[in-house]
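Following this line, the structures themselves.
In the two assemblies presented below, subunit A is common to both, partnered first by subunit B and then by subunit C.
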Partner chain A sequence: MHIAALAKVVPDYEVPAGDFELAGNRAHSRYTRMIGLYDENAVETGIQLKEKYGAVLSIISYGSSADVPILRKAIAMGADDLSIVQGDSDDPFVIAANLKMAIEQMNDIDLVLAGQQSADLDRGVVHAILAEMLGCTFLAQISEIESGNGAWTVRQNHENGSRMLRLSGRAVFSITSSPQNVPRIPAVRAIMAAKKKPVGKLQGIETPPMQAGEVKVEIPKMESVCEFLSLDDLGQTAKTLLGKLREERYL
Partner chain B sequence: MKTLIIEKIEPKKIGELVSVGKILGGEIDILALGEGPIPGTYGRAFQCPDIIGANLVGSVAELVQKNGYQAVLLSATTLGSELAGRLGARLGAPVLSEVIAVGPDMTVKRPLYGGKAVAEFKIAANPAVLTIRRKYFEPATLDGQTAPEIIRIADPAVELLSEEPVLTQGVRLEDAEIIVSGGRGMGGSDNFSVLREMAGLLHAAVGASRGAVDEGWAPQTMQVGQTGNIVAPGVYFAVGISGASQHLAGIANAKCVVAVNKDEEANIFKRARFGVVCDYKNFVPALIQAIREEQ
Partner chain C sequence: MRVPYWNIGYGYAIDLLAFPVLVIFLSGLYNHYRKIRKGQERFKKSPDKEHSRPGPFFISSVLTKGILGTRIYRKFFTGLAHGLVFWGMATLSLGTLLVLADVVLKLPVFSGAFNRWFMSFGLDLAGISVLTGLIFFLVRRLFPPDRLVTPKERKGLFPMAGLLAVIIVTGFLTEAMRIKALGPDPASFIGNFVSGLLPAGVLSTTFHRYLWWLHGFLALGFVAYIPYSPMVHMVLAPVNIALADPRPGPKMGVIDFSFFDDEEEDPENSPALGVAKLGDFTRKRLLDFDTCLWCGRCHEVCPAAQTQQPLSPKKVVLTLAELLAANRFTDELPEVLGSDAIFSCTTCAACMEACPISINQPKTIMQIRQNLAMERSELPELMSKAYNSLEQRRHPFFGTGSGPKDWQKGLDVPVFERGKTEYLLWAGCVATYDERAQKIARAMVNILSHAGISYGVLSKPRCTGDPAKQMGNEFLFTEIARENIEEFSDLQIEKIITLCPHCYNSFTRHYPELGGRYEVIPHSVLISRLIASNLLPVSSDGSSFCYHDPCYLARRNHIEETPRQVLEAIGNLVEMPRSKRESFCCGGGGGNYWSEPSGVRINQVRAKEALDTGTDMIATSCPFCLLMLTDGVKKYTEDNKVFDIAELIDARLRSG
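And now, the complex of A and B:
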């Protein structure tokens, strides 16, 4: 079994709104870069499948080779190898076409795991486009995967609960977070070893973007009007709060 | 604009998509998924009993091409995400997800960076595939019913083995006028019982942050935020929640946020109307007591 996990490096997604700054249409370059949160869930899921089924886990990313040191975290977590397709497009069709190229070069990928959504553009689109380009099935919001009798049995989360699904053949899954796939913290020794791992570098391909142009990006205004309640007597604080909520007709 | 709505037979979700279709203008058709009568009046209605997005791609793509739809509207849900990208790739159509505003000239807005920024796009080709974020468009009233043409999936790739709904006791998050949510600061799954008690007294729903869901203290159906439930209550109590932008993205349309957090620097206070800086273990019981005294 050969599994590919897709990982995108993004600017720190924990920067609070008040400190967020754009440079042009994208986050300012001063923010620390990291692997997207859901992509780490996908990597963790891949490692668990590797441990369970003796699979090989390859990490594939499209982006700048300057981000390779950050992607090495996935190796330190337990992935076997890392390839980067070099390019700088944000277009989902361009990214998917480049990821497809890398997957096809590997020749024997059985399963592609992606994060539910990138932690910068918050789109949840690239993986499904990729699946269509690869000519295989795509399932969204997967939280558990089992393999047996030539088929995948998976749990899919949705708004009202979850469902169990079965399918065979090559597939792309988007991985959602669950208590079972909280990303492991790599050991120091594994981090050191990951630094020495050779990295596959592929030149990105040019391909047409989708026909929807980004006109502008703006930071919405958030007005802060918090009224902090006195804490001298919490019973009184609770009464004051209820009173104010009723006065302003919220309750 | 000729628009196709694709949604399960859930009136609120369909209603929101109809509202978006009305902004785009022109004829609105529907592909309703699941069983039962289709609420609302449409140019044409199609119905498919299969609700697994992955099984629908081929049939939907054919429908769009045959009928010349210029816009395909889905909700930003598991179903929407499973269909939108593949449809876009199959039809060579632009795909924009998590849309929060649309204009008749096909400009659309969607959030980036966990809602810390908003991007505007101009769509230059059709068909276009859009997934619409919940709770940003007032659901249209759906008068009447439309008799459907039935579509059956010949060779489904994905087999449904079982459905495991999470049954919510009390008020559903989606409909709640008051929500009491707990985060990682709750410290454990048992501690959610005080939130349930408070919610019971206020006829409120209980929600959770991703932090609490990842800890296994609450089911994912309770998650509030950009990748959980998008909610729009009158009052939202955030207890032990730090106020990450991705959480706030789920409560952008809440009218009043009350934050209980022991860290006065917590970001949630930037969004809150009222703030209580203390350990929830001290304050929530006092609040429950005050509510009881009022009743």
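And now, the complex of A and C:
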């Protein structure tokens, strides 16, 4: 069994809204870069499958070679190898095409895992496009995976519950976070060993982007307004508070 | 003149028997030594030092804590009883040796004033002292305080103390029989008294002979059995104290990770990080375990143990002592002790401070934690989130709503300039990323500007890495510390003002070992100096302040008085029952600021203790303590009563 987990390096996804700024329509370069939140869940899921079924886990990323030191965390967590397809496009179609190229070069990938959405653009489309390009089944929001009798049995999460699905053949799953796939913290010796592992670098391919161009990027300005209500008469204060909340349509 | 071995035929046989006894005694001690040798060498820093250095030996500690037993007297009656037994036994042993010297070397110890005042009066006094002390200990074992029996009571002390009491009593009876037969010895006040109690017509010479031999055999038996009983602490405790670094706090040091940098080496084969098994500890730690008295003084002061958390430092040490005694060097310690116990330690060092024989409990706990954190990556949930944030963002405040410069809003805070600025104002991660603690940094900026100090902050705030160290990840700490040291070198920083005692402790204790040496001053100390030099015009307004000593200032660095001087300049100081070096932790140390609250909460216990003084305000000089106590106080009052020293001074400067 050979599994590929897709990982994208993104700017810190926890930057407080009040501190967020753009530079050239993208997050300012001063923010720390890290592996996307759900991508780490995908990597963790891959490692668990590796441990359970003796699989080989490859990490594939599309981005710049400057991302390699950050991506090594996935190796330290337990993945076997890392390949980076070098490119700088934000276009989901271009990214998917490049990832497809890397997967096909590996030749024997049985399963592709990807975070349900990237932590920077939050689009959640690349994996679906990739599945289409690979011609295999795509299932979204997967939280648990089992393999047996030549088939995958998976749990798909919904807003109010989950359902179990079974399928066979090559597949792409988008992984959501669950208590079972909280990313592990790599052990120190694994971090050091990961630093010494060779990394596969693939040149990105040129491919036509989607027929949509970026016009403008905006982030909402954070504004906090504070109003103190008098506490002289608690009953009256409660009424005033209710009135204000209704006025602002919070209730 | 008294005759040695009066009424005893072949009395010297008891001296001859002392030789096999000595062999049994020494072979018992050798067994301890053999087990302790299974630990790691203490100094293995560089190959040239290997096998060559015995390690430091702290003579003044042996004299004070070891021989005089200064720490023992913190519990007055126990200390007194111990002193009576120890000094009494020392005197009696000397008396026995002098008898031997009389027989072998013809030293006239049984004549004149020396006989009267030492051999008769002195030895009687010593005997009664030992007996008094032993009665105290025996009675206390019958009605033991909680600390002696929780989580477990030590077996073997009662019989040995009982045996010693019998030896003393038989000694007095022998003396009384001799006096009965030969007439009163004017200075032997106990012997004379006991002899007076003996019935007339008793066959004193016969009984004297039997009792003399009984006394001698029991005494030899006692000596032979010392290394095989808890009494071995008489030998081990002074050695343990002598080898313990007397600087306050656990002295964690730093780990050399250069092994991993070697391209040739396989990281998978590197030595274990931290401690997983008994044999991973240094010999000094094993000596600690072997020496432990099971007295429970550490248990009694431990904030975790006292709030029903799963940790008791006494339990940790005695469990390891039992493994050592049973030669069990391969048990996995995190499983034996429980990782929840290991992570409950706040690293407050109260246990170390209380331990009469200089055992380093926090280091033991932290070394096992290091193994859990670095080898197994096992951290409690919240701590692991803080760790992840520290690793990725270089600060542990995950989910913070504050940007790195938010605390400076509305203030004109200068950035440190190489060659121009004198002090680096090190805000630290708490005062940067926590909204409540940001007020400390803001207050300090106002204070420094008011006093005309040349200071600046880093353009990009950083953390010292201390939380990583406390969570057990020495590797991440080293990485962050090295980054900081590099930046400080670029900026030619020499002087640092800290707002957080953890940062202070890191800069002064750990950074020098990594090559970063600075003049570091905690903000409370600087404020005190500025007030003393009339650079901060403040005066007392009659408010009362109860000062909570942060563990990392008071206990670990002995900074207790200067923060109090600051408060005395603006009001009246009130003290909690537990203060200064005996302060009770706020509960936030050891990464436990990021722990799930469970059971009785340490910060609430401490907040109550402070509020019970009837103080107007609770003052502290640590942002972690400030946050923990602010939260703790909420259980008892809606009022905001907890402030940092800098906030209190700043408010008075403004209103003045």
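The working rule: the second predicted complex is superposed on the first by the 225 of 251 C-alpha atoms of A that agree within 3 Å, B and C clash if a C-alpha of one lies under 4 Å from a C-alpha of the other, contacts with A are read in each partner's own complex, and residues count from 1 in each chain.
One rule holds for everything that comes next: a contact is a pair of C-beta atoms (placed from the backbone, for glycine too) under 8 Å apart; a residue touches a chain by one contact, two chains touch by 3 or more.
In this text, all values refer to a predicted model and were calculated from it rather than measured experimentally.
Student: On the A-aligned overlay, A:139 touches which partner chain: subunit B = first, subunit C = second, or both, or neither?
Tutor: A:139 sits against subunit B, while subunit C stays out of touch.
Student: In the superposed arrangement, does A:106 touch subunit B (first), subunit C (second), both or neither?
Tutor: Neither subunit B nor subunit C is touched by A:106.
Student: Going by the contact rule set out at the top, does A:34 touch subunit B (first), subunit C (second), both, or neither?
Tutor: A:34 sits against subunit C, while subunit B stays out of touch.
Student: Quick check for you: in the superposed arrangement, does A:227 touch first (subunit B), second (subunit C), both or neither?
Tutor: First partner only.
Student: Please determine whether it is subunit B or subunit C that touches the greater number of subunit A residues.
Tutor: B
Student: With both complexes overlaid on chain A, does A:187 touch subunit B (first), subunit C (second), both or neither?
Tutor: In the superposed model, A:187 contacts subunit C only, not subunit B.
Student: Scan A:16 for contacts with subunit B and subunit C and give back first, second, both or neither.
Tutor: It touches subunit B and subunit C both.
Student: Please report the subunit A residues shared by its interface with subunit B and its interface with subunit C.
Tutor: 14-16, 18
Student: Sort out for me which residues of subunit A touch subunit C in the complex.
Tutor: Residues in contact with subunit C: 12, 14-16, 18-19, 32, 34, 184-193, 196.
Student: Could you pull out which subunit A residues touch subunit B in their complex?
Tutor: For subunit A paired with subunit B, touching residues are 11, 13-18, 20, 22, 25, 27, 38, 92-93, 96, 116-117, 119-129, 131-133, 137-141, 143, 153, 156-167, 169, 174, 176-179, 182, 210-220, 222, 224-229, 231, 234-235, 237-239, 241-242, 244-245, 248, 250-251.
Student: What part of subunit C is in contact with subunit A in the complex they form?
Tutor: 257, 260, 263, 266-268, 270, 273, 374-377, 379, 384, 387-389, 392-394, 398-406, 473, 475
Student: Once bound in the complex, which stretches of subunit B touch subunit A?
Tutor: 52-54, 57, 76-79, 81-86, 88-90, 93-98, 107, 111-125, 128, 157-166, 178, 202, 210, 213-216, 219-221, 226-227, 229, 234-235, 243-246, 248, 255-256, 258-259, 264, 267, 269-278, 282-283, 286-287, 289-291, 293-294
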